[in-house]
Amino acid sequence: MSEDIIAEIKRDYIYNLAKNGKRVDGRAFDEYRQIEVETRIIGNAEGSAKVKIGNTQVVVGVKIQPGKPFPDTPDQGAIITNAEFAPIASPSFEPGPPDENATELARVVDRGVRESGAIDLAKLCITEGEDIWMVFIDVYVLDHDGNLVDASALGAIAALLNTKLPIVRYKLGTEDVPLPISDLPVAITAADIDGEILLDPSLDEELIASTLITIITGKDGSLAGIQKSGMGPLTFDQIFHITDLAYKKAKDIREKYLEIVDDQSREEGKKD
Amino acid sequence: MSDKPNKLIEKGKRLDGRKVDELRPIKMEVGVLKRADGSCYMELGGNKAIAAVYGPRAVHPRHLQEATQVIIRYRYDMASFSVKERKRPGPDRRSIEISKVSREALAPVILKEYFPRSVIDIFVEILQADAGTRTVGINASSVALADAGIPMRGIVSSCAVGKVDGEIVLDLTGQEDNYGEADMPIAMTQDGKITLLQMDGHLTKEEFAQAIELAKKGCKQIYEVQRSALISKYEGVSNV
Amino acid sequence: MSEDIIAEIKRDYIYNLAKNGKRVDGRAFDEYRQIEVETRIIGNAEGSAKVKIGNTQVVVGVKIQPGKPFPDTPDQGAIITNAEFAPIASPSFEPGPPDENATELARVVDRGVRESGAIDLAKLCITEGEDIWMVFIDVYVLDHDGNLVDASALGAIAALLNTKLPIVRYKLGTEDVPLPISDLPVAITAADIDGEILLDPSLDEELIASTLITIITGKDGSLAGIQKSGMGPLTFDQIFHITDLAYKKAKDIREKYLEIVDDQSREEGKKD
Amino acid sequence: MSDKPNKLIEKGKRLDGRKVDELRPIKMEVGVLKRADGSCYMELGGNKAIAAVYGPRAVHPRHLQEATQVIIRYRYDMASFSVKERKRPGPDRRSIEISKVSREALAPVILKEYFPRSVIDIFVEILQADAGTRTVGINASSVALADAGIPMRGIVSSCAVGKVDGEIVLDLTGQEDNYGEADMPIAMTQDGKITLLQMDGHLTKEEFAQAIELAKKGCKQIYEVQRSALISKYEGVSNV
Amino acid sequence: MSEDIIAEIKRDYIYNLAKNGKRVDGRAFDEYRQIEVETRIIGNAEGSAKVKIGNTQVVVGVKIQPGKPFPDTPDQGAIITNAEFAPIASPSFEPGPPDENATELARVVDRGVRESGAIDLAKLCITEGEDIWMVFIDVYVLDHDGNLVDASALGAIAALLNTKLPIVRYKLGTEDVPLPISDLPVAITAADIDGEILLDPSLDEELIASTLITIITGKDGSLAGIQKSGMGPLTFDQIFHITDLAYKKAKDIREKYLEIVDDQSREEGKKD
Amino acid sequence: MSDKPNKLIEKGKRLDGRKVDELRPIKMEVGVLKRADGSCYMELGGNKAIAAVYGPRAVHPRHLQEATQVIIRYRYDMASFSVKERKRPGPDRRSIEISKVSREALAPVILKEYFPRSVIDIFVEILQADAGTRTVGINASSVALADAGIPMRGIVSSCAVGKVDGEIVLDLTGQEDNYGEADMPIAMTQDGKITLLQMDGHLTKEEFAQAIELAKKGCKQIYEVQRSALISKYEGVSNV
């Protein structure tokens, strides 16, 4: 009961702040919490990254194995994305198979990578109709303080950027080569709180938002994915406003956290 | 893949003869099931689906009840034979996601506070699939909810728009979806509130704006079909 | 509580009618509700049928794919029958894997097809020990107003009658040929209501029946399958009475709904 | 299949030497388990099975309780090593169906109204299988119920009849079942009420009548064995 | 409620007896209940045994099939051990997949066989990298009156001792040969009841023991496996005491129940 | 297997340069998660793991509550990418067993009677694995429990000992575990109570005694690391 009252008070507090253009942690509406990206942290993975956005933490590991192609795409590699809401991350996460929220997260991250064309799947064919590379992208949420989508999507691309095909291990050649990455899609999530649009919602903000919407944009500024999630409706004006915001913010994040990583990876790739 | 056609749009006409802003043929019938509290059968081109509504009814187990409003559940399911390659019966990750966003597409118009401690179940069975099944499910469900007498603020209408051969088109077929550049399902209320929005592929900002405009038109047409279907069922009643 | 009272009243009403040789919908004890059979309704299925018996509605789709034979029958095709009690069909059906009732339904339909020899499995061998045709018969119940077994069994045979082997699609030849069907088994279900035997029970009748029994007979009038289902016992006399009834009724239904379909299919098959 | 024998019946004798109306050798022992409230081990030719009864006992969770009568549950399970090809442990569709019809075969004789809000669990484990396992399970369970002191109107007895090489025979072996023309498991009470009846294959009406007659004889013999097994366990008690 | 009181009284009774060096059934602390081992009881299994320790009964069946090797051991057979707590065995066993206790039992039995080197896995390779023998050891608990581990481990070795590779059935030769067994590990389980160490605990003793510990020893007297199971801690002295007891007791059991079986099997093997 | 090295110990040095009685490098950090009530990150050589503690908190469903003491739950989980061959997410038989023995390793020191009707959840996520993950999980959990303020009788410390190239060694690597002769994980309290003991492989009685002695030393070192990690987090507080 008392929990409900605290929730109520918190809700009113956040609402009132938002009405006055403010947020609990002092950020502007279009401001992200501090972002940290650390890569190559899991030695047994072919690629990996840890992303923090504020207190939110996710680890993304990429494993690559040879496998059979799908019957309808005999000459293309496969991407399999999974998200685990590890129960260490939140009192509301329970052990068990992914629920609808984890499933949605995995599918949004997956489409962000797949449909944006970030990975050139045709280059992941080993022998047409016989063998392809299967790219497993596994997202583990370690600490959930809101905006899991942006953290996970950023982690996925950062991990893919430092991923190498395990060619030597599977005796398919003498050198492991980097995964061919052709775009750097970035997901930007906005929350609608009583008509106000806030980027990078914290967990408290998410809980009272009427809806969330994620906009994924590519290097060339085009939209590469959208997912509205939540019960509240949005107006057309809101959606155009959010796509504008998303485009700008994605550019910043891409430059700051991915293009640097990309360069580093390629540098280190040469050294290996 | 070898069976990609050279062109999906030729001289403004799509492979099935439609113009870029045209919907596929629609058939909609209300009240097709006896046991369900509300039901609707819908065909949209090669799609065939049935939506059924049960409720409001009691929630079991009781700890799932909500004290101040009705719970909405939505289950989208594809029959094993609805697609070329037999699908294993039961939910998969795709259907779990579609069920979630479809529920969220319909929930905003339902007057949830009318039925505290209850649940409304919406079940959609896709019998035959040819792209756009989630929009068919939402459209049919919206009508089935009305058929069940669930009090609503309005009807939700849904369609997909996308980009095919560089053009923005309405209501993609499976072939257009496979070989097109973008697919964007959308649902909205008559007063222009968006309740579902997803997009895969690539769209410039200009194309996106164009797609949204086309979607508005598509949903308007869908709405007219939904309205007619409801009227034709209740004509007798409304004439009284 | 009030539901229980209504159920009680309904039960008494049906009992009393039955004692006077009558049924709620005015049918004779050995009379079926109106039957409708519609075939070729699912374009993506190799065969399909929709069957209505009164308000009861089922759709049966047949999918055919190449597969591996079972080790003990290397030269025979396989039949895999499944029944889904889609939750659209009844307030008492819940999403989830088939329960014992759906499982029993699937197995009775399966045996009706398999053990009656309706499909010549030896003709479904592609390469002995290597490749066979797998025939998936999937029953989806759309509206449950009693007697699902007869509707499903009728739907299965009607769907199989218009099924073609997808030979072209799997590049095993230049023409799709009809599935070889050698019998037309028909299932007839009877309910025991306080000693009275009623065919084609409606849901209300099923709910108060002490037991149900399904008799499957073939073209030559022989018994091709039996399943007693339910808690109540039956006497030997009752069973002989039911098998007599079933034989006659099955003949009617076969002539009216299957032999016509059969002819139509073969006609249309020629035209293709 | 190449290992089909030329003839399954030669000069009125079956491959194991039995006549057409003869049961396989039976062994039955009551009270073989300490923890169960009632138990029975049964062999029928190459079949070996144990039935255990627990209850009447409380029902969890409580909402499954029935206010006026006891719930009967029945679980038929085949041990992984009971058949030639190892079976994955756990239920499959076959065992789910057998569990259902076996429960329905036994329930009619149990005085269910004696134990409202309770459950009686009947568990059958097939250790070795050679056709007819469901009949063995029902026979052993019937005795285990008596051993557990469950009040019953009588004992249910079960056997299979079938058609092999054109003849109606009693109690088919696995080989006879595989290569025969029909298999019909049946269960009945001593007063001639049929509580289980299934049939696969082909029988004319005359053969069916003949099969029913043979099944009556078979069940009578089974009943004598069940009775003896119970008496030999309780002899000490009944002699007092 | 009254069950709790009985449990409480029983607990006190067993504690007090233990404090005076006694057990409910009159055994000495290091004394086992009567053991019975019966082998070759399941005709469809390649090997089998039934073990009784007092009222505890388990059946172990061994099934052997050709299969694919694990990628990291291309030249070795595989052992797959499973334990089913059949619901016939105890009012507390419920139908369903193995719980943590059944899983622990299976894994302890498995390690006792595998890690002790009892089976020479290299001899179970049919074609390197292609085909191996898979040895399925399935433990079914029939009656649970305590000390399932020792009964199951004994049953597993006794069953393996009479197991033959089904070479003829899989057309890999003309004669079935016995499984190559090179050690006879025996598991001895002790319970700590208020500081007293009792071997072969009955169910009542297990329920009040603070912890159980199983010591597996091989023919040469070396330790071949240990598993502590339960909430209570043990001192180093207790552990050394138990390993001493286990070594002696295992020797007795091995001589009495396994070496005889072993001889018999080999004798009978010759006769076949 | 071809990649077995000739020797795992040469002139008293192991392949990674350690002496036989030396632990791998350890890193331990307390309070690394915001949402958890207590947490601890630990590295031990190639192992990386996070432990989180939630609770004491209410038990759902209520019938699982215990009237006189807190329930302890422990879930050990390996991330799919923590090992060379991708592991399917979710529990397997190995993780179920490890969760059980790890819970039993920690439960003895928790003052369970302080929180009747409640539950303490301990979750361990292995991010990178190189033998000894269960000992890392227990060590990190022990510290996370302290971080969560759970009243305990002491800290549990854990390490593995084993036999490699005929010698008793402390804290085996994956390679040593694969090609060694025995592996023995152990956990104990500071006052020398053993709360976890498992062993695979072969040890003579003398070697076992020697291994136990080495384990005592290892656990002592682990304990010092645990203590330092906790002190360094609460230094500010303890200096007051």
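Per-chain numbering from 1; labels A, B, C, D, E and F assigned in written order.
One rule holds in what follows: contacts are C-beta pairs under 8 Å (C-beta built on N, C-alpha and C of every residue); 3 or more make two chains touch, one makes a residue touch a chain.
Note that the structure is a prediction, hence the values are computed from the model and not measured.
Under the contact definition, chain A and chain C share the contacting chains B. With centres defined by CA atoms alone, the chain at the far end from chain B is E. The chain pair from E-F, B-C or D-E that repeats the A-B interface, sharing more than half of its contact pairs by residue number, is E-F. Greatest Cα centroid separation from chain F: this falls to C.
Mean C-alpha positions place chain C and chain D at a centre distance of 27 Å.
Centre-to-centre spacing of chain D and chain F amounts to 51 Å, using the average Cα coordinate of each chain. In terms of their C-alpha centroids, the spacing between chain C and chain F amounts to 58 Å. Averaged Cα coordinates give chain A a centre that lies 31 Å from the centre of chain F. Residues of chain E in contact with at least two other chains: none.
With touch defined as above, residues shared between interfaces to two or more other chains in chain F number as follows: 85. Residues 33-36, 39, 46, 48, 50-52, 54, 57, 75, 77, 79-86, 89-91, 121, 123-125, 127-129 of chain D are the ones touching chain E in the complex.
Contact residues of chain D toward chain C in the complex are 1, 85, 93-94, 96-97, 99-101, 104, 107-108, 184, 188-189, 192-205, 208-209, 212.
Interface of chain E with chain D (complex): residues 41-45, 48, 55, 57, 59, 61-63, 65, 82, 84, 86-91, 95, 97, 136, 138, 140, 142-145.
The touching residues of chain C, counted against chain D in their complex, run 71-73, 98, 100-101, 103-104, 106-107, 111, 115-117, 211, 213, 218, 221-236, 239-240, 243-244, 247.
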